[in-house]
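Each chain carries a letter (A, B, C and D) given by its place in the written order, and its residues are counted from 1.
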Amino acid sequence: MPILKMSRVKQAIKKMKVKNELTRQILGEILGTFVLLLFGCAAAAQVKTSRETKGIFLSVNMAFSVGVMSAMYLCMGVSGAHLNPAVSLSFCMLGELAWIKLLPYTLAQILGAYLAAGLVYLIYHDAIMEFSGGVLTVLGPNETASIFATYPSDMVSMQTSFLDQVVGTAMLMLCILPLNDQRNAPAPKGLLPPVVATVVLGISVSMSANCGAAINPARDLGPRLFTLTAGWGTEVFTCYDYFFWIPLVAPMVGGVIGSIIYLVFIQWHLPEPEDDSEELNDETKAMEHNDKKDELYYKMSAL
Amino acid sequence: MPILKMSRVKQAIKKMKVKNELTRQILGEILGTFVLLLFGCAAAAQVKTSRETKGIFLSVNMAFSVGVMSAMYLCMGVSGAHLNPAVSLSFCMLGELAWIKLLPYTLAQILGAYLAAGLVYLIYHDAIMEFSGGVLTVLGPNETASIFATYPSDMVSMQTSFLDQVVGTAMLMLCILPLNDQRNAPAPKGLLPPVVATVVLGISVSMSANCGAAINPARDLGPRLFTLTAGWGTEVFTCYDYFFWIPLVAPMVGGVIGSIIYLVFIQWHLPEPEDDSEELNDETKAMEHNDKKDELYYKMSAL
Amino acid sequence: MPILKMSRVKQAIKKMKVKNELTRQILGEILGTFVLLLFGCAAAAQVKTSRETKGIFLSVNMAFSVGVMSAMYLCMGVSGAHLNPAVSLSFCMLGELAWIKLLPYTLAQILGAYLAAGLVYLIYHDAIMEFSGGVLTVLGPNETASIFATYPSDMVSMQTSFLDQVVGTAMLMLCILPLNDQRNAPAPKGLLPPVVATVVLGISVSMSANCGAAINPARDLGPRLFTLTAGWGTEVFTCYDYFFWIPLVAPMVGGVIGSIIYLVFIQWHLPEPEDDSEELNDETKAMEHNDKKDELYYKMSAL
Amino acid sequence: MPILKMSRVKQAIKKMKVKNELTRQILGEILGTFVLLLFGCAAAAQVKTSRETKGIFLSVNMAFSVGVMSAMYLCMGVSGAHLNPAVSLSFCMLGELAWIKLLPYTLAQILGAYLAAGLVYLIYHDAIMEFSGGVLTVLGPNETASIFATYPSDMVSMQTSFLDQVVGTAMLMLCILPLNDQRNAPAPKGLLPPVVATVVLGISVSMSANCGAAINPARDLGPRLFTLTAGWGTEVFTCYDYFFWIPLVAPMVGGVIGSIIYLVFIQWHLPEPEDDSEELNDETKAMEHNDKKDELYYKMSAL
């Protein structure tokens, strides 16, 4: 009987199955970015509202890193686990994502980040209220807006912030592109998520002092939109001289620059595989099997 | 002669061998949960009784994470290393554990956690006595009950605590189910324990401010029962308005919700393996060998 | 010409090659334990003499963990990387190390630890002199003996210390034995060192408050002997009511207990491999190649 | 049409492709060392200029570690990812790098480090100016030179500093040489970068108190030259009694010593592979494929 039931369930599931690839990918990106931000913003809330008694700055860096790892395992097989419009844009440029998909991917990522910010707010509602005295502000010692979106340090100029975000995102692309480049020295396929997560940890501990290391327009805009709608007011966009556009634009520029640096300084000069037909060694064969996931990267390495 | 002796030992062992699978699994879960809690509660004792001079909040998070890793390597081949009734319940729902085994698994996990709490109390008896001035209390600056079970922060409401535990456990299931889903982008089989441990670390650093991130009824009830019997009194159950039921019920709800989210938003839409007979690539073959361990997960991915 | 030179060098090396297996193993254990202690004690010196400005308690835990990993990669192929008389004793009991080798292994480990303590003293001589005001003491706020050997906290009784070391070392053996047990869920062979290192990190963050988590007689006696000879005086042995014997005896007891627990509660009940001849799957074949290293573990899993 | 465009792009790329191997390798070392230093120095800037509110000493250690990992994945397939003249010198001595390439490698590494220091200065310009009050100094509480190059602690003598750097770099070589030695117990090829990074983390947390754990002449000289040119003045070379030469010379000595210790105490005594022709097991075959990268290490293990 359980077998019978199971086969009925299977039938039902088959009908519900999303046949359209893009829809599947959008679902994947929404859920992946949701997981990434839930870990990250919840840790920021924990550290801030506990006044560093239940975690330190490093904990938040680690939470974003674990978030990247978890989100990648969750949706890498579905959508490639970009989780970041800057990554999607870079992959479009590299021929690994159809340009037509850039906007849907981006919107999905922003939506996932928005939803995660909302859930973090629900979980930490009591703590945020107690910490802030019930007044949701963007500035001052009891501000809580920085739990969600990124804001610059006081002394940082606009140009420095922009450069900071360009460099951070360029480092991201420069460091993750080799990880799956079969002609270089790639990481094991099943361990890409923790290695990418470690790169993100590195960026967080080294390039977050100026303006919070968004390096991801969706990670920043989604939660910022949430704070706008949840009571922090328009100041989340107007403060620091309309800072908000920097984590939107600079990462897109930085991602592309980082990708180009990798292509120009490293990948173009890697020795070509001697013979494409013979190149089908065991690893390649294994890869053919789940080529859906691999084709993105394959194109790049064939460039 | 050592060979002779060895064969006699072998004979003796064969007789003692537990033939009943469920008994084996119960032994595995007891010992696994024992290891998990020994690491975790001992670290909590170390940090609290040393007044953070021998570790920080992050150390405790790390200890629970290492505990998960160690416990998983210890009993994954025996019982699947659930270590958590919420995980067992989710796996029952997913068809990976017989419903009849849910109660024995749960009781084994609670027993393992109880025993670990007892041993931690023995090891840290002197330190606890010095820290608490010899008075075992649940509240106040010298409370020591939170070394063992979880208690909420002062400002957190019942609803928030419940939601917090639901979300934490949902994240756990949502993030570990893809790790062994062969149709998604799974982690290497031999490295599941550290990857799951990293997910638990992420939850600990981001969702433990409200009520201690039990996300596991056994992890909470076992040590709480121990403190009841060891001198902390009934207050461990009555305090914070009978908070104790939340880490019992909410994780069960959360685990199921997280599993359903993974099924509905990701797994159902993953492309089916083209042909089951041809799908037997090298990795699958290797898996067949130790199919005892794999069948649980296999069922899930076949769902 | 370089080829010519190379072949001459090869000749010379062949002559110098240590043919005796035990000598090789002793060299391996000396160097391995040296590396373990150099990392660990140097970190203790760094954190103490910098008064926690250049590291925290957690850094020392991490350094011992990295030391275990590095030492294991260094000598696992030579001596099995026991690095600890308690591990060697357990492996003798498990039939994985000849009893005749227990003493040489132990002495080699103590020697390696002694030498490392000496080098740490040289490197941190200036810092130790400044920190201690030039007076090398075992007690008081400016004591520096705890950089090298372990000492108990003030409030801890003898019995608690003993139990603490028994439990810590039992956890060590209980958690590392499954890692290479092919019938359980083993870690990848090439990643045993970092996984074992993580277990040691877990023990360090959770069971070092009472008496410093030696869990290794050589790790403790070697540096203690060094401090005796280097100016700290006989107090390193007499202080805390002759505490020094506890990290010598208790880990030996604990290691054996932990091993027995694994055998009795887990390993004896694991399903036997169906057929030994057919069991020679790819992984096994690969292992045959370097069977020198594997035979130790193999015996255990065959028990 | 995109295919058409792609093939044109391919043509253009082929023309730009650097045919000369050394040029490729130099590009790789420049970029790799650049990435290493960008992570490391940026973290130092973040922690210092935020007065430890956005990171702790451990964060800087971790950033250098992530930098090593990322840099190795980036250029291991191109140049072997030495990233350090001391490593290059050791590999020359081991016959793994042509002596003629030592100088170009070294200059490339220094250039990469110089460029990274420059970019870190740009990113953290505002923060450095605020922290230092606009005065770029090498000494005193508001000094900022130590963000870039290493400087000794006050109480450390010249001899101790020298020994410290010798030991640190010797540990580096002693711990990374076994990782790729197929006759020992090597780490998985695709995971060499994180394992090496962990070794570097260990050295950073245990041997950086005296003089900052440069263990790498390029890591130190590049940024020191940058600070000379950027306004810190000649004091960066003259201070602490011309300390600057120590991180240049001592690591070269230490690297060679560490390599020799590994050869003499471990590698020479490892059992020889029984038969070289039969030794071509699966792993070796896979290695043949990308033998460009492996030949360096192969030579060593054949020594």
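Heads up, the rule we're going with is that a residue touches a chain if its C-beta (ideal position, glycine included) is under 8 Å from a C-beta of that chain, and two chains touch if they have at least 3 such contacts.
Protein names from UniProt, one per chain: A, B, C, D = Aquaporin 10a.
As the structure is a prediction and not an experimental result, all values here were calculated from the model.
J.: If I list every residue number at the interface of chain C and chain D, are over half of them used by both copies, so same, or under half, so different?
T.: different
J.: Measuring from the mean C-alpha position of chain A to the mean C-alpha position of chain D, what distance in angstrom results?
T.: 28
J.: Approximately how many whole Å separate the CA-defined centres of chain A and chain C?
T.: Each chain's C-alpha centroid was found; their separation is 40 Å.
J.: Can you pull out the residues of chain D that are in contact with at least two other chains?
T.: 56, 58, 188, 191, 282
J.: What topology does the chain touch graph have (line, ring, star, complete, other)?
T.: Topology of touching chains reads as a ring, each chain with two neighbours.
J.: Would you mind giving me the full set of chain pairs in touch?
T.: Contacting pairs: A-B, A-D, B-C, C-D.
J.: Enumerate the contact residues on chain C facing chain D in the complex.
T.: Residues 2, 6, 9-10, 13, 16-18, 24, 27-28, 30-31, 35, 38-40, 42-43, 45-46, 49-50, 53-56, 58-60, 62-63, 66-67, 69-70, 72-78, 81, 119, 122-127, 129-130, 188-194, 282, 286, 289-290, 292-293 of chain C touch chain D in their complex.
J.: Can you tell me which positions in chain D touch chain C when the two form their complex?
T.: Residues 56-58, 61, 95, 153, 155-157, 160, 163-164, 167, 171, 174-175, 178-179, 181, 183-188, 191, 195, 198-199, 201-203, 205-210, 261-262, 265-266, 268-271, 279, 281-283, 303.
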